[in-house]
Structure formats: structure tokens, C-alpha cells
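Handing you a structure now.
Per-chain numbering from 1; labels A, B, C and D assigned in written order.
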Amino acid sequence: MPEPAGALVARQEGAPEPRPAAAVELRGLGRDYGERPALTDVSVRLEAGQTLAVLGSNGAGKSTLLRVLATLLRPHTGTVSLLGATLPAEAHRVRGRIGYLGHEPLLYRDLSGRENLLFHARLHGVAPARVDEVLAAVGLSARANDPVRQLSRGTVQRLAVARAVLHEPELLLLDEPRAGLDPAASERLEPLIGRGSGRTRVLVTHDVEGALAESHGVLGLRRGRVALEAPAGELDPAEVRSELYR
Amino acid sequence: MTSLASTSDPSAAKVRRGFGRGLVPLSAVTLVAMAVALGMVFFYAPLDADQGFVQKIFYLHVPMALVALVGFIAAGVMGFAHLRSGDRRWDLRSYVAIHISTILAVGVLATGSIWARASWGHWWVWSEPMLVAFLIVFLLYAVYPMLRFSIEDPGRQARSASVFAVAAGAFVPLNFAAVRSAQSLTHPQVFSTTGGGMPGEMFATFLVGLVAMALLFVTLWKLELTAKHAAEQLRAVRRRIEAAADDGDPVGAPVAEPGRPLAGAAS
Amino acid sequence: MLPALPLGQGGAYVAGAFIVFVVLILVYVAIIGAKIARIERELAELSEPVERRPS
Amino acid sequence: MTRAVATLLAKDLRVELRTRESVPAMALFAVCVFVLFHFGLDQDAIDGALAAGVLWVTLLLAAVLGVGRLFVAEREQGGLEGLLLAPIDRTAVWVAKAAALFIFLVALELVTVPAFALLLLGPGLLEALGPLTAILLLADVGLAAVGALVAALAVESRARELIAALLFLPLVVPVVVAGAAATEPLFSGSQAPQELGRWLVFLAIYNALFVVLPVAVFDYLLED
């Protein structure tokens, strides 16, 4: 039953859908990394427009989970439903609607910032005018023509954010987005990738206090398994820290 | 041969059938076929008019070549089946088929050069299409293990290996066509694979030899599959024990978690 | 009653070819043998703690 | 699909123009090989089968350099995931890389063939230029198709350039067989190019196989 594009919150047809389609729904997701299980039996549900914070120590499987949601990794067991499409069969249907900001900026060092964004714009079928708009939003209009090779780490991160939101994705997948950014830059990016953006977001971070403040739900991972899952309001940072970072 | 994966856990939903079934009868049939073939080669087939006794190598060299080629092409088909179905056992079958075909290819090159020495006086003859084509095929498939071992992630390794198997499998017949058409066929085409010009007894001997070689291939193929599958199951058990150990259970106790058969290999 | 095999000069090569074939098969069996031996060693390693600990 | 291929190809050509890594290196390498052949064969001018062989082997070895570097931009700068995230048919990645390699090979030949005529070729090049161009272009299609597939296969592995070269060379033996056989009469003075048609058909069959095959299996390579 094809999901009408964009209408995520409620279903128009009289289809007997018990609950409004969640933006993201995982049931028993498992994924091996080589021969070692990286994720085991992860189930979580995220409503459209909300933010889920993913916490956990290094190697807990946070980045793996994000890459599965970004359709970069196929789930080995369990089911993943993303923006109305089930992965991995219908991955191609959602690829254009996801903004992924990982550890790698995914930019070509020898091309300039503008050339990189124009390249991604054309791949996603986005009007070139949007490139200048986004460059202005991240405050890089001035340095847009310098090769990425010459840009500082913070500037590259801002360019990567520009790339991630260029095609106005419905779902943002952010892996420690504020790494390498000074407070002023973080402030500037808030409307693009922060809670203010109004987009559905999955945020991987180590900043427990920040996560509880800016997200609706929290998913804690330990050794690839769900250690805790609760609305952000009900959690106390010290308790979260002791549970996840023993 | 009883099924390999007998499991003590009664709730094991599906006893995983190993690859070992039917290996003993198959080996018996292969042994008989090879004995018959050998007997026919030396006591039934008449001596070749001009080549004399040396021509006997034909009954070994050509069947080995044909079986190796079919093995490479079959490996390509299995690789494609792995890519389509995602079932890693197809990759295992393709891997083993290429392994055996490569070893047979060495045999083809060795027996071919011995035959060239015996009938034309030197070990390597560039104008013999079977030999030249097999050298190229061998050079190509010798890279297969290097490709597999230089990729760590098992999933990606299996996929790259399967894509290689498909491409190389399709290349093999084309390679023969290229080498054959590049040859100016100056000297007598001694062993045309169709064996058109051969008297009845010779052709019969050749066929029996071909069947024997094919049976040998399948036997070795099943043998190695059994060994590799057992090794994989062992690794799965080892991982389960180490995982159990990490989660604070007493070291080394192979805990059969309810519902999950201890010996079930990771799917 | 079996015809004496005209081994002669050509026969050495024929014998050589068949010997090469047998050697190849033996080499292959050795490879598989080594693989099975490794399985046995690993199996022993794994089952050793089990015997120590009567479940 | 064609939009994605055009975008990807434009990016590859822009990166190559910006870094000038592949084509100049391939051309310099080819000329070096000619010098080596001069001393190796101890001949000032060669013709016929020898000349055809030297030209084709040199082109092939230079092509191997190009194949080894095809995915380096994606590999070292994390670009591959950027492509996997885009809503495009993943076979477009192979088509674009093959097209890029084809253009690199044509650029290589524009430099190498005249250099070959100048340094080693006995008989004149002019009258052979027509059929030679047809043979070279047709062969470049096959080399590019196989090169792009092999480069993608090797990109996952640690010993990338080594594996790419060892996979590439055996697979392109038929191209050398047909290319050299078709070129030989062209370099043998005035002889009319007989059997040219047969070899061109052979190259066409080879190209058909190695274009259809990657289209069927390539995107499995990028799955993870």
C-alpha cells in the first residue's frame, strides 16, 4: 500500500492502520560486524517530527545503528520501517529523503565547497539556487570557492551539515554533529539540524545532559543491546551515565 | 554419513543438514569409474596411428581440462546464485568449485606440457590453444584467493568473490575463442575436444574417462564443502562461547540458550 | 595374457603424466586433511573446559 | 539514470582536471615503456606483428595504471558513501567510471600513438590511421568496461592496485589478441587490412559481454 509522499503524520485512506505511521520503527534489529554481532534485538519507535537521542559508550553500536537507518548497512535480522518504506527492499524509495551526517564529511577534497554541493544537489535533483541558500545558512558563502583541502576541520563540518540538509530531508541522522564546532558555529547550525529544524531526528551523542534537553526519547545501547529506552523527561542524567558508561 | 549437526537441544527447530550426506557411496562410485577408465585406457583403447603410446595422455589431459572448465563456469553460476539469493552457502560452493578447478588446471598445464614434450619435443608450445588458454585461465583464477583474503568483512568478501566468479566464469569460453582464433592452425589438431575423428573404442574410453573425472570433481567438491562447513559451524560455536563468556557467565560453559540450538550455525 | 605394455621411450612420459595426476590428488587430499586437523585441534580447545566442568 | 551518470562523470573529469593524476602519468609511463622496448629489442624501427605487439602491450600496461587509480577519490575522501546515499541507480557508478576510463584511454592514445610513430614505428602511420582509430576506440570500450568492474572489485581489498592489475590483465588478453592481430597488417607497409572485419566483430562481442555482465552484477558489489 504505497505511502502518499510526505503525508507522514496521519493516513488519509480508511486503511485499517492501528497507529499513525511512525517515521522510524525498528523491531528486533540485528546486525553483525564481520563475525561479531554489532547490534542485537534493537526495537524502538520514533514519531514524525520528534528527536531520538542514542547514547552509549564507544563500540556500543550507535554508529552502526545510524548507518543501518541511513540505508548504508542492511539489517541482518529483524525489520526496519523508515518513512513508510521497509528496508532493505525499499531502500531506494527513502534514500533521497534522509540527511546523514557521519564521521566522514563525504566531500571531495580537490573540489571546492560549492562544487561539492552542486554535485550533491544534482544527484538529489535539487535546484542549484538551494546551494547558495544553504551556504549562506552555514555562513560559508565567502569561502565557497576554496578547495575543501584548504578548509579547517570546523569549516568542513559546517560544509558537511550543508550537504546533509541540502535536499531538505524529512529524517536527519546526526552522528555527534557538534564535534569540532565552536559555540558560535553550533548556534548558527541550530535552525538547520537542531530541534528548531522541526525535522525528525536521530542524534548520536555522548553529551548526556544535552541529549536529555533536546530530545523526546532516549535509547541507551550497551554492547549492541538496548540497555534503556524511555522518554527524555523521565530520565536523570546521573542514572543514565551510571547505566551506560560503567 | 550421519548428519553432521546433531544437537542435544531438543527444541532445535531445524537440524542443520550438513553437506556430508552421500559422500561414502559417491566415493565408491568414483573409485569404480576411475578403475574402469584406467583399465580401458591401457588395455582396451587401440594405439594411436601416428602418436603411438604417447597418445594415452589424451585420456587424462582432455577430461581434466573439460571438467576444470565446467567447474569454473559452474562456480560462476553458483556465484550468481549467491548474489541473487544472499545465501552464503552458494558462495561456499562457488569458492570450493574454483579451488578444485584451479588445482585441476595445474594438472592440465602439467600433463599438457608433458604431452607437448613427448610429441613435439619441447615443454611449451604456443600454437596449442588448449595449453595457452589454460595458462591465461590459471593466471586469472590464481588471483581469486588473493582477492578473498585481502577483504576482511565476510559479507563483502563473499560478494566480491561472487562477482569475480561470475565475470571470470563468463570470460573462460571467450578466452578459448580468442586464443583459438589467434592460432594459425599449422600443426595437426591432435586433441580436438569433440573427438570427432576418433575410432569408436577410443571415443568410448574418452567418455568413461570424462565421467570418472567428473565424479572425482564432485567427490572432492563435497569433501571440501563438508570440511569448510564444519569449520564454519565450529567458529559459530566458538563465537557463542566467547559471547557467553563476555556476558559474565562462567567461562567456557556452552550455555544452550532456550529456543536457540547450540549447534545452529549463525544464518 | 595382458598385452605387454609398449612402455618404450614414449611410455616414460605417459607414466609421468599419470604420476603428476596422482600427486595432484594427494596434494589436494593433504590440504583437506590439514583443514580437518585444524578443526579437530580447535574442537579439542573448545571442549576441554567443558570436560573440566561437569555440567 | 543518464542524469546520474552525467553528474558522476562530470565530477570525475573535474577531479582529474584539477589533480591531473591519471592521464599524464599513464602517458609518461607509456613513453618510458617505448624507450625500454627500444633498448630491450635493440631496434630503431619495428613493423608488422612486432610493432603491433609493442603498441598494444604498452597501451595495456598504461591502462593498468588508470584502472588502479579509478576509485581513489571515492576511497580516500569517503566519497563512496556519498554516492550510496544518493537516490540513484548504483549501476550508474559503474557506467560513469567506465566512461571516465574510456575518456582517459582516448586521451592516452592521442599522446601515445603519435609518440610511438615517432620513436619506434617503421612504416608511416598516416594511411593506417583510419582503421587503427576504429580498432583502438572499439578496444577502449572493452578495456574501460572491464577496468571499471575490476577497479570496483579491488577497491574493498587492502592490496588495491595490485589486485586490480592482476585481475585486469588476464581478463583483457582477448582485447590484445584481437587488437594486435587487427593492427598487424596496418603496420606492415602497404598491405590492405584483411580480416579487419573479423577482429572488429570479435571486439564487439567482447564489449557486449563485458557491458551486459557488470550491469547485472555491479550493484551487489556496493551492497553492505
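Quick note on the criterion: a residue touches a chain if its C-beta (ideal position, glycine included) is under 8 Å from a C-beta of that chain, and two chains touch if they have at least 3 such contacts.
Everything numeric here is computed off the predicted structure, so don't read it as measured data.
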Mind listing the chains that sit against subunit C and also against subunit D? B
Can you name the chain that lies farthest from subunit B, using the mean of each chain's Cα atoms as its centre? A
Report which of A-D and A-B is connected by more C-beta pairs in contact. A-D
Rounded to the nearest Å, the gap between Cα centres of subunit A and subunit D is 40
If you average the Cα atoms of subunit A and of subunit B to get two centres, how far apart are those centres in Å? 46
Taking each chain's centre as its mean C-alpha position, how far apart are subunit B and subunit C in Å? 16
Averaged-CA centre spacing for the pair subunit D and subunit B, given as whole angstrom: 32
Sequence positions of subunit B contacting 2 or more other chains: 153, 155
What are the residue numbers in subunit D that touch two or more other chains? 223-224
Indicate the residues of subunit C shared as contacts by at least two other chains. none
Where do chains touch, given as pairs? A-B, A-D, B-C, B-D
Where on subunit A does subunit B make contact in their complex? 32-37, 223
Please give the residue numbers of subunit C that touch subunit B in the complex, ascending. 2-3, 5-8, 10-11, 13-14, 16-18, 20-21, 24-25, 27-28, 32, 35-36, 38-39, 42-43, 46, 49-50, 52-53, 55
Mind listing the subunit D positions that touch subunit B in their complex? 149, 153-154, 156-159, 162-163, 166-167, 169-171, 173-174, 177-178, 181, 198, 202, 205-206, 209-210, 213-214, 216-218, 220-221, 223-224
For the complex, which residues does subunit B have touching subunit A? 152-155, 235, 239, 243, 246, 266
Give the list of subunit A residues in touch with subunit D in this complex. 70-74, 92, 95-96, 98, 100, 102, 104-111, 115, 119-120, 122-125, 147, 163
